[in-house]
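Both complexes below contain chain A, partnered by chain B and then by chain C.
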Partner chain A sequence: MNTSSQQQNPAFYALLVVLIIMAVGPIWLMLTTSLRLNVDIMSETSSLLFMPTLQNYETVLCDVLWYDPAHVDYCDPTFGRALGNSIIVALIATGITLVVGCMAAYALVRFRFMGRDTVSITTLLMRMVPPAVLLVPVFGIWTFQYQLDGTRAGVILVYVAMNLPFVIWILQSFIVQVPIQLEEAARMDGANAFQVFFLVVLPVIKPGLAAASIFTFRIVWNEFLLANALLDRNTRTVPVTIVNSLTEYDIDWAVIMATGMLLAIPPIIFTFVASKQIITGMTAGAVKG
Partner chain B sequence: MPRIRFDSVAKSYGSTQVLPPFDLDLDDGEFTVLVGPSGCGKSTTLRMLAGLEVLSSGEIWFDDRPISKLEPKDRDIAMVFQDYALYPHMNIAKNMSFALRLQRVPKATIDEKVSRVATMLGIEHLLLRKPGELSGGQRQRVAMGRALVRDSSTFLFDEPLSNLDAKLRSKMRTELAEMRNTLDKNMVYVTHDQVEAMTLGDRIVVMAHGLIQQQGTAEELFKQPVNRFVAGFIGSPTMNFLNAELAEHDGVLVASGDGFRLPLAEPLRHRLDNASGRRVILGIRPSSFRLATPEDAGGSEMELFIKVAEFLGAQLVLVTRCGEQELIVELESSTRFQVGSAAVFAVPSEDIMVFDETTELRL
Partner chain C sequence: MGAITLGRMTPYVFLAPAAAFMIVGLLYPIGYMVYASFLDWNPSQRIGEAEWIGLRNYVNLLQDDAFRESMFVTLKFASIVVSLEMLLGVGLALLLDREIRGVAVLRTIFILPMMIAPIVVGLMWRYMYHPTVGIFNRTLEDWGFQPIPWLSDANWALTSVIIADVWQWTPFIFILALAALQSLPRSALEAARIDGASAWQQIIYVKLPLMMPVLIVTALLRLIDAFKVLEVILVMTNGGPGLSTEILALRVYRTASEFRELGVAAAMSNYLLMLLLVLTVAMFIYNKVTEARAARLRQMAEKG
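Entry: the complex of A and B
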């Protein structure tokens, strides 16, 4: 089959357009809705032409803003607080996962100890358990045994445990590629085990760390199930808050959509920053081919 | 500089013994080359000295200090790796100063040392580049520089030139030979290339199958090899070996075999009693042959059938046949030979080495 005839086929373009609409449509809908007043959203004559406003964003962020938006009578702190919770939980969970994960991966790759292969395989098996299965036991243990329910620490702990297997697995494959001669050279240069790890191995596997951190951050950021069960009013993350604001009395679509837009921004920034670290050929020049 | 002494050092991996117990003395300030075919245990010996491999038994002494339990960093040893092993995330200056920075040497001292060594190696313009941006030869220099900056008492080289192309290798070899004369350090150099070993080593240790075959200067190894392995390993092109049988005629010991009959030197006859009928292996270096002149008649002459003539500039290498056995002959290229014809060559009888057929020791 020849590619040029494929491109000239109108059905091909139609398919492209459909796919684009499917991908961009919801985001576009969310963006436009977040820029409208509820009056515009609900009016029967809703049109594509409307006066964009940032009022909804002001409502969401009224707690964080340095001024009092004129249209807000009562500043509901829920959304601002949830955004803060999400950022704290996601960053701390990602940080702990990476620190523990890279050390565990290094030990699994480089050290010979009993049960090494078993541990290595089990870490991946753990990943195959769906979080929903863990929900009930974790809720029970966290609530009745350790009183961790409703705390950010509790949910961070679960997220770390949930993401560690995959992070260990991903980092193992990066560490295997670090030439052993590099570590030997560092040892000859007078580095102790920790210096070898932190000054030589970690910088070389930076792309792996970045990939793992993007992966972990996004999972934690989007996680709903466990957060919904374990967190309370004050510690809720954004996904839970959005769902909880859909009540039978009132659904403030404009504010929800504005929150949704804000929810999308941190992972984008995080991914953008972290992906700068993903450069290929990190070990170029270390050893001869 | 410490005197390094291996005292019945042995190495096994599990139940496989790769190095049976051996002793080795490396004198203070000496350039020692460990040479041998791959798998002979030379790299393992070096890595045990470096502290990267644990000894299975025995002890290594630096003067009177046992070091086998010390970490590599406590042994005052710098090492150049075969694959360079440069830190890819650091620039060249950082690579070279890594050890000094770990020792918390003042920055001014580090800068001074790095730039001195970089100038010596001709890499001062590369200091801000990353290893990935350098050519193989430049990386090799950096690896060398990283070791030199440290001012250790002992330097180890693990086949440092084996990844370079032939031209660069011979250039670096010359530079290393120069460096050897200017630095008063212990140097231990591992290679499988006997030319490197011959040009660099004050002392050469030939190893095979985990055993030290012979140690000595290049000249000793070339002229007085203890066994067939050393004789064949040292020298290029390699020595010719011929199966022969000894016989005594009129007080002269004669070795005869398929297509040749060569009288042997007088001292050999005294060393060997009742040698008649003994089966031996003759060793003749390609360079020992010369064209026979009428004076050689009846003496050590060999008629060789010329199969291939390789012109190498100053040298002419002939692949010849003597009976069923192949012989390499190296001559000055001024003579011309007809391929496919036969010619008569003479071998001075004192240049013929004789090895026992079973033990392969030189007689």
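Entry: the complex of A and C
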């Protein structure tokens, strides 16, 4: 093993570098584009050297900045508002999904009145349902029956429901590993079921909670389809505003890339902070079926 | 044991919120969609006012050339994308399965394309494919080649969309294949090495067969996801030019939001759902069969 890898080292590292460039290249291009002026982008000579500028970000965020950027004539409040909506929706939906999912996963493992197979099948079936399939019914029901169209509560409800199966399933695999003796000891000391759950079980399964919350947050933060169908002008999230600002011709690439970058930053940060948990969540899906 | 000391209602209290959310937000809507697929329904009507037309939506769809075309595009897209990604992902995993520090970094960086919003991925690729300012055509022109009409030509558009998807999802296969490789029993690999198997022989006769269960599940998971790809294509081509990149999920979206025929969109969703159901059931059965076989082998081994 060692000898063969040492012999091939140069080619091996060259391959690594190429792969990394290929993986990061498009993202890097988006970042540099967002730091240029539109004039620069359109000019024939695309020089690698340019003065980076934050102007595009100022244009996008003008509504939430504490100062008035000099170059912005008319401040469009759309994006600032959308960013606020995105943050609210993503945080609340993730929070609810985690609390509710955790309790359900605990009940399924510890009280075992439903087979674990049932949960696996439900997870698998729910993973199969494309958001596009939910579009028609959700539109009809939310508008005419729940009266939730245009509200953040409306999308939060779908998002929680959509993400619960996966969260329950992944947390379940962590809770199984919590030694039952730990809980029994707590119960001897007079803790009730809720105390055992919140004070004993939850702290032990922190890595599982991290994986589950990142997955949920990512899906909710990035979701476009249902948000587009359910939200109105004032409650729109960022992906919806990005698609709306894409026109057939004359796209302001610099500004739109800045918007895209802002949408991409939270998931990128999560990736670097918690790549291990993300990979755990991802591989668990296939390896355990 | 726990259930005896606790109140009999406790599990239900713990489960109730999750059950409520899933019934209200998921199961009821899906049932509603099945019902809506039998109606002639547009968004301005309440569902009660819509006319019941039985199976007409389904029959009409089967005779609709545009729908059949989009079904064909979906199958083509999904099969090409999954085979390319499996080939590249598994190949890379076999190549990079070494104990070298770089692999951990590579894995972290490789997750990035999957974490970023599909909308943004579409945006990045649309920019790179741009006929004049995009990096591909600029480079081609710099090297003295003809620019390629990446997204504006019906023959190229599907290829361009496939390239973007391969960029985004090959890492998924790579990571799963690598995890499978690293959990292979060391003893089998060592035995093969001691018996003098070459690197190729090890891969073909030992590693790939042992990885097969995980690889098949991975391929099926990816296949299911490939049918759900929508946002990337929506941003890049919006299904065009013509119908060349209009996959089924995108057509559902456009039927509902642009053509405002909810009943037809629901029927289309049902077709998509049935297709995915077949795949999911196949995956589940495959899992059960391999588990059963493994259990049988274990039993035989224990008996001696």
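Everything below uses one rule, namely that the second predicted complex is superposed on the first by the 234 of 289 C-alpha atoms of A that agree within 3 Å, B and C clash if a C-alpha of one lies under 4 Å from a C-alpha of the other, contacts with A are read in each partner's own complex, and residues count from 1 in each chain.
As a convention for this text, a residue touches a chain if its C-beta (ideal position, glycine included) is under 8 Å from a C-beta of that chain, and two chains touch if they have at least 3 such contacts.
None of these values were measured; they are calculated from a predicted model.
Undergrad: Could you look at A:33 and tell me whether it touches chain B, chain C, both or neither (first, second, both, neither)?
TA: Once the two structures are laid over each other on A, A:33 reaches chain C alone.
Undergrad: Does the superposition put A:16 against chain B (first), chain C (second), both, or neither?
TA: The second partner, chain C, only.
Undergrad: State whether A:84 touches chain B only (first), chain C only (second), both chains, or neither.
TA: A:84 contacts neither chain B nor chain C.
Undergrad: Return the chain, chain B or chain C, that is in touch with more residues of chain A.
TA: C
Undergrad: For A:195, is the partner it touches chain B (first), chain C (second), both, or none of the two (neither)?
TA: In the superposition, A:195 touches chain B alone.
Undergrad: Looking at A:150, would you say it contacts chain B, chain C, both, or neither? Reply first, second, both or neither.
TA: A:150 sits against neither chain B nor chain C.
Undergrad: Between chain B and chain C, whom does A:187 touch in the aligned arrangement: first, second, both, or neither?
TA: Both partners, chain B and chain C.
Undergrad: Applying the document's definition of touch, where does A:95 land relative to chain B and chain C: first, second, both, or neither?
TA: In the superposition, A:95 contacts neither chain B nor chain C.
Undergrad: Per the contact definition in the header, classify A:204: touching chain B only (first), chain C only (second), both, or neither.
TA: first
Undergrad: Output the chain A positions appearing in both contact lists, the one against chain B and the one against chain C.
TA: 184, 187, 282-283, 285-287
Undergrad: Which stretch or stretches of chain C touch chain A in the complex?
TA: 1-3, 5-7, 10-12, 14-15, 17-19, 21-22, 24-26, 28-30, 32-33, 36, 41, 43, 46-47, 92, 95-96, 98-100, 102, 105-113, 115-121, 123-125, 127-128, 130, 133, 135, 138, 167, 171-172, 175-176, 179-180, 183, 199, 214, 217-218, 221, 224, 227-228, 230-231, 234-235, 249-250, 252-253, 256-257, 262, 265-266, 269, 272-273, 276-277, 279-280, 283-284, 287
Undergrad: Hey, which residues of chain A end up touching chain C in the complex?
TA: Checking each residue of chain A against chain C gives 1, 4-5, 12-13, 15-16, 19-20, 22-24, 26-27, 29-30, 33, 41-42, 46, 96, 99-101, 103-104, 106-108, 110-111, 113, 121, 124-141, 144, 157-158, 160-162, 164-165, 168, 180, 183-184, 187, 193, 197, 218, 221-222, 224-225, 228-229, 239, 242-243, 246, 253, 256-257, 260, 263-264, 267-268, 270-272, 275, 278-279, 282-283, 285-287, 289.
Undergrad: Which bits of chain A are touching chain B when the two form their complex?
TA: That would be residues 179, 181-182, 184-192, 195, 199-200, 203-204, 206, 281-288 of chain A.
Undergrad: Report the residues of chain B in contact with chain A in the complex, numbered from low to high.
TA: So the residues of chain B touching chain A come out as 50-52, 71-73, 77-79, 81-90, 98-99, 102-103, 130-134, 136, 139, 146, 150, 163.
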